[in-house]
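In what comes next, chain A is part of two complexes: it sits with chain B in the first one and with chain C in the second one.
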Partner chain A sequence: MSDVQNTLRDRVRSLLAEGKISCFIGWGPTRFKDRTIPKFANKPEDAGELVYNEHCLSNLAKYALDFQFSAEVAGIAVRGCESRAINRLIADGRLTRSKLYLVGIPCEGMLENGSTAEKCAFCRHRNPVVYDELIGEPVAEQENPPRFEQVLELESASSEDRYDFWQREFAKCIRCYACRNACPACNCMECYTEQYRTGWQGKQANTLENSVFGFTRAYHIGDRCIECGECERVCPMGIPLMKLNRKLVKDVESLFGSEESGLSDDASHALGCYDKEDLEEFM
Partner chain B sequence: MARIDAENWEPKILAFCCNWCTYTGADLAGLNRMKYPDNIRIVRVPCSGRVNPQFILRGFQKGYDGVLVCGCHPGDCHYTSGNYFTRRRFLLMKRLLEYAGIETGRFQARWISGAEAAKFRDTVLKVTEEIRALGPNHRMKEADDHE
Partner chain C sequence: MARTGVIICHCGSNIASVVDVERVALAAGQMPGVTYAATNKYTCSISGQDMIKQAIAEHELDRLVIASCTPRMHETTFRKMLTKTSINPYMLEIANIREQCSWVHTDKEKATEKAIDLVHMAVAKVLKDQPLFTSSIPVHKKCLVVGGGIAGIQAALDVAEAGYEVTLVEREPSIGGKMVMLDKTFPTLDCSACISTPKMAEAGAHPNIRLMTSCEISAVTGYIGNFQVTIRQKPRYVNHDTCTGCGLCEEKCPTKVTNLFDQSLSKRKAIYKLFPQAVPAKPVIDSEHCTMLKSGKCGLCSKLCPLGCINFEDQEDFITETFGAIVLATGYDLIDWAKAYPEYGGGKYANVISGLQFERLVNASGPTEGHIQRPGDGAEPKTVVIVKCVGSRDPAKAKAYCSRACCMYAAKHAHQILEKIEGSKVYVFYIDVRTPGKGYEEFYDKTRADGAVYIRGRVSKIYEEGGKLICKGEDTLIGKQVAVEADMVVLETAMEPAHGSTETAATAGVSADKDGWLTEAHPKLRPVETQTAGVYLCGTAQGPKDIPDTVAQASAAAAKVLGLLAKDELETSPMISVVDAPKCSGCGFCEQVCPVKAISMVDVPSMYNGKRVTRTVAQVNSGLCSGCGACSAACRTGCIDLLGFTNKQILEEVDALWQE
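The block that comes next holds the complex of A and B.
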């Protein structure tokens, strides 16, 4: 991994020096050895502070939105999850491919408290699906990780247990909206939760409103979630949000036969189109 | 006002009916003096595609025991394709609601044309009975003192 880090620093240094990019979004160090934070390198000499190791947990893609109105090209490190997030943001009309320079890094999974991070355990795309240059060799993909195991488990519980489960989880929610802010599919200019006057969402941080928020957010991204697991990782209250998102991902796949989100920057997504032959349950 | 208790409880059902088909069908049922339960509260919408899935959650929050979404038959939507989108949206929402712990049957959707007065009546009868069997809904409902 230190090879990757060195190559990354060198490449970013020359990209910035050549003026190919105006800024590079990568990871930087913190006070702790096992933590990193997103870092913006603006000058060639900043490149030496970039870090790449098994603690790069953040998905950087959302930070690319900081450059959406910039005339210059922004560089960004993309692993499988970032590359799909970038595709998602392009498909949603928030980013332009020509204004991005993607430095691909195949990833073997990150560590969280010493073991494989939850968000990496079910990853099916460790190699970036789109990039301008690749650092390091492509890695082997995980064969059919059991992405929907937890969903199937909850589905088999009784309706009452499912209700209690989610109400118990959302009782913890403090409505910090970190899940939304970190999510590359949650990229609306104005989120429905902020449309106070329309009253879509009660502001009260009580269990019911929290769960309404949770279900609505999950539904809003249901056909666009790239399963990067950032929402769940950033949630300070440890709410298993991917258990909700994956339910929708699973149903979207089985009902409409859609492919996973973010594999290309094609703008079609399951709820934005239809098929006359769709399942008929409402006759 | 009399308190609602187990004895005199009646299901309250919210129905979104598209203006061009189901609402007309309901109108026709009325013209034909067909009798159907008054448990249903109809909200007329321009098209079933107008029904945001969040309306369903809000219905349960506000104390409805069941929510029904009705529109034109696929292929017959006044706006050509509105109900095809509706169908996808609610196939997904129905499953999400069940996953969230709302009992199966509390949310339903039906295609009823402007000529199908009898289907409208039968649907309302059937849905009302199904929801009566499920009993009052307490899940996702705002505390009673909000009423």
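The block that comes next holds the complex of A and C.
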């Protein structure tokens, strides 16, 4: 991995020096050995501070939004999850592909507290699906990660039990919106939760309003979730949000036969287009 | 403070017999914002309306709730009434306590409670109503007619006669459609071509009609009064501006091709006029069969043409024009019986023919010059079996519907055979004989008197034996199996929508039913209108019908078009979507879900972190928006709202329902 880090630093240094990019979004060190933070390299000499190791947990894609109106090209490190997030943001009209320079890094999974991160255990795309250059060789994808294992478990419970389960989970929510801020599919300029007096979403942190928030967010990203698992990872209260998101992903896939979100920057998504072959059982 | 007036309508006894209207009025009087609540026997009547006007003036009302029938019935009536008062016509809510309450309930107590709830919701919503104002859009006084059969020709002539410009688009090289293929028309037996070709010629020469043959509709955008239609002109390889239609090219062309106009019963040339009386009377080249176009050899027509009209380099062309109204007259085809009925030989017996093939055989301008000769050997058939309902009234094999015209044209065919072939016998297998129409039953009676034998039953099998076609079936009236030895069999096949017609209609925003017939706006009361305002339909595009019905419907569609084109401007509904642009992220989800393509993404100047930037946001075309609200439901940020049905108004209704 130190090879990747060195190559990354070299490449970013020359990209910045050549003026190909105005800034590079990667990871940087912290005072803890097993933690990294997003790092913005603006000058060639900053490149030496970039870090790439098994602790690069953050999905960087959303930071690219800082450059959405910039006239210059921004560089960003993309693994499978970042690349799909970038596609998502392009499809949602928030980023322009030509204004991005994607440095692809195949990823073999990250560590969280000493073992494989939860979000990486379910990963189906360790290699970036889109990039301008690739550092290192493509890695083998995980064979059949248990993507819907938790969903199946949830589906087997009675509706009362499921209701109680989510009421318990959302009772913990403190409405910090970290999940929304980290989520590449939650990319509205102004989230409905920020609006006053919508009439149906209260700002109070109580079980009722929290669940309205939780379920609404899940529906808003239902056909667009790229399953990067950032929402669940950043949740300070440990709410198993991916269980809910994957349930909707599973439903959308089985009902509309759509492919995983973020594999391309095609803007058509299951709930936004009409196809004569769509199921019409409810009509 | 709001001053709401609430009127509870008895609707005679329609509502009052189930709902205790007085109790509803009493309850309404207690609702927030309500200044005045009363009942009325017939609110929509002149006296009912006068009572409301009086109440508005007397109680200084500023908004109104009417609890009555569905808003589809009288919302417009009441809005019109409000234009004569101090209240804005859109400060009105209708609580539907008839269709959604009294008509569907019998329990008076519960129905009354429900009526109170419905009124409560409307009262809550009306408090959030905002005055809305209509705007107007100009009407482009030009009509497009799609399909040049008798329906399209009639509609085009009627509109053109009234003084408006018409473009008549036909995909074949000539107008005329199916009617010119027919020999005689029932029940009067006047020659089909003799009555339709003058109409074709009239349409071709009319100063207000522009014929566009070999053309198809490729795209329709815009809205009522202002449709932008892209028409694809297929290459004709003959310059129709200079061609005089002398026919030399056709005469000398060495390539012979199956003539589909004659239902494959004859041959035509690769450069051809569709039929002798074609309008325009000029040839086109069939690119599929022309050897010059296929292999670069020949070019005889080009060498012979005295005016140099042949152009082998001709390309397809796209023409975009604006029309105020569109008439769809896309017509029908006959079902492919050979596929659906292998038991009738599936097409392997030359002497089992379709009704339309028979029309060509018996037609003086057809391949046999009107002599009824078997396609197999040219012999005159002495015994002919006519099979009705081939493909119709047969849901197991083909179509469930009755094809309507077949009973009569079967009788006509029987009559023609008996008349033209001395000593001939005709057996007609039928399920029922349906002859509603002026002179139809009399015609059928006459055919039987002429000697046609009607056998009630379906034909189960047709096979060849000893040079004869054996038609086996059951005579259900005597309950016995019968077999008829025939020289020729005529299958009276069902109509189905013309190929490609549903796609053409979809381009213009018109839907089709499960069989592909185009859907009218209302089967009884709006038979020639469609759900897309400004698009009309007529003829067999809408369903199987005979020529009189087709022509009547075509003139009806023309009348609707004239009603539209007579206006200089159209009022647009103000109940449309609006975008709160600063909130919009420009994700384009609304654009995708909009069924009428009213939303487009536009670049607007904006501020971001204190800097001037350009960003993309959604924009609604108020002329196109139909107010369906799909965009509003799809918007995650909630930055699109539907005026008249804003999120706030709907929430108020929901809240009212849950309040005690």
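The working rule: the second predicted complex is superposed on the first by the 281 of 283 C-alpha atoms of A that agree within 3 Å, B and C clash if a C-alpha of one lies under 4 Å from a C-alpha of the other, contacts with A are read in each partner's own complex, and residues count from 1 in each chain.
Going forward, a residue touches a chain if its C-beta (ideal position, glycine included) is under 8 Å from a C-beta of that chain, and two chains touch if they have at least 3 such contacts.
Model, not experiment: these values are computed from the prediction.
Participant: In the overlay, answer first, second, both or neither for which of chain B and chain C A:A267 touches.
Facilitator: In the superposition, A:A267 touches chain C alone.
Participant: Is A:W200 in contact with chain B, with chain C, with both, or with neither (first, second, both, neither)?
Facilitator: Both: A:W200 reaches chain B and chain C.
Participant: Considering only touches as defined above, state whether A:E49 meets chain B (first), chain C (second), both or neither.
Facilitator: Neither partner.
Participant: Could you tell me if A:D34 is touching chain B, chain C, both of them or neither one (first, second, both, neither)?
Facilitator: Neither chain B nor chain C is touched by A:D34.
Participant: Would you check which partner chain A:G222 touches, where first means chain B only, second means chain C only, and both and neither mean what they say?
Facilitator: A:G222 contacts chain B only, not chain C.
Participant: Would you sort A:L208 into first (chain B), second (chain C), both or neither based on which partner it touches?
Facilitator: Touch status of A:L208: first partner only.
Participant: Check whether chain B or chain C contacts more residues of chain A in the superposed model.
Facilitator: Looking at chain A, the partner in contact with more of its residues is B.
Participant: Just to be sure I read the superposition right, which of the two partners does A:D10 touch: chain B = first, chain C = second, or both, or neither?
Facilitator: In the superposition, A:D10 touches no partner, neither chain B nor chain C.
Participant: After overlaying the two complexes on chain A, where does the chain B footprint on chain A coincide with the chain C footprint?
Facilitator: After superposing on chain A, chain A residues 200, 271 contact both chain B and chain C.
Participant: Along chain C, where are the residues that touch chain A in the complex?
Facilitator: 582-589, 592-593, 601, 608, 611, 613-616, 634, 636-639, 647-648, 651
Participant: What part of chain B is in contact with chain A in the complex they form?
Facilitator: Within the complex, chain B touches chain A at residues 53-54, 57, 61, 74-75, 81, 84-85, 87-96, 98-104, 108-111, 139-142.
Participant: Going by the contact rule set out above, which residues of chain A touch chain C in the complex?
Facilitator: 68-69, 92-94, 187-192, 195, 198-200, 220, 267-268, 271-273
Participant: Under the stated contact criterion, what part of chain A meets chain B in this complex?
Facilitator: 154-155, 159-167, 200, 208, 211-212, 215-216, 218-219, 222-223, 244, 247-248, 251-252, 255-256, 270-271, 274-276, 278-283
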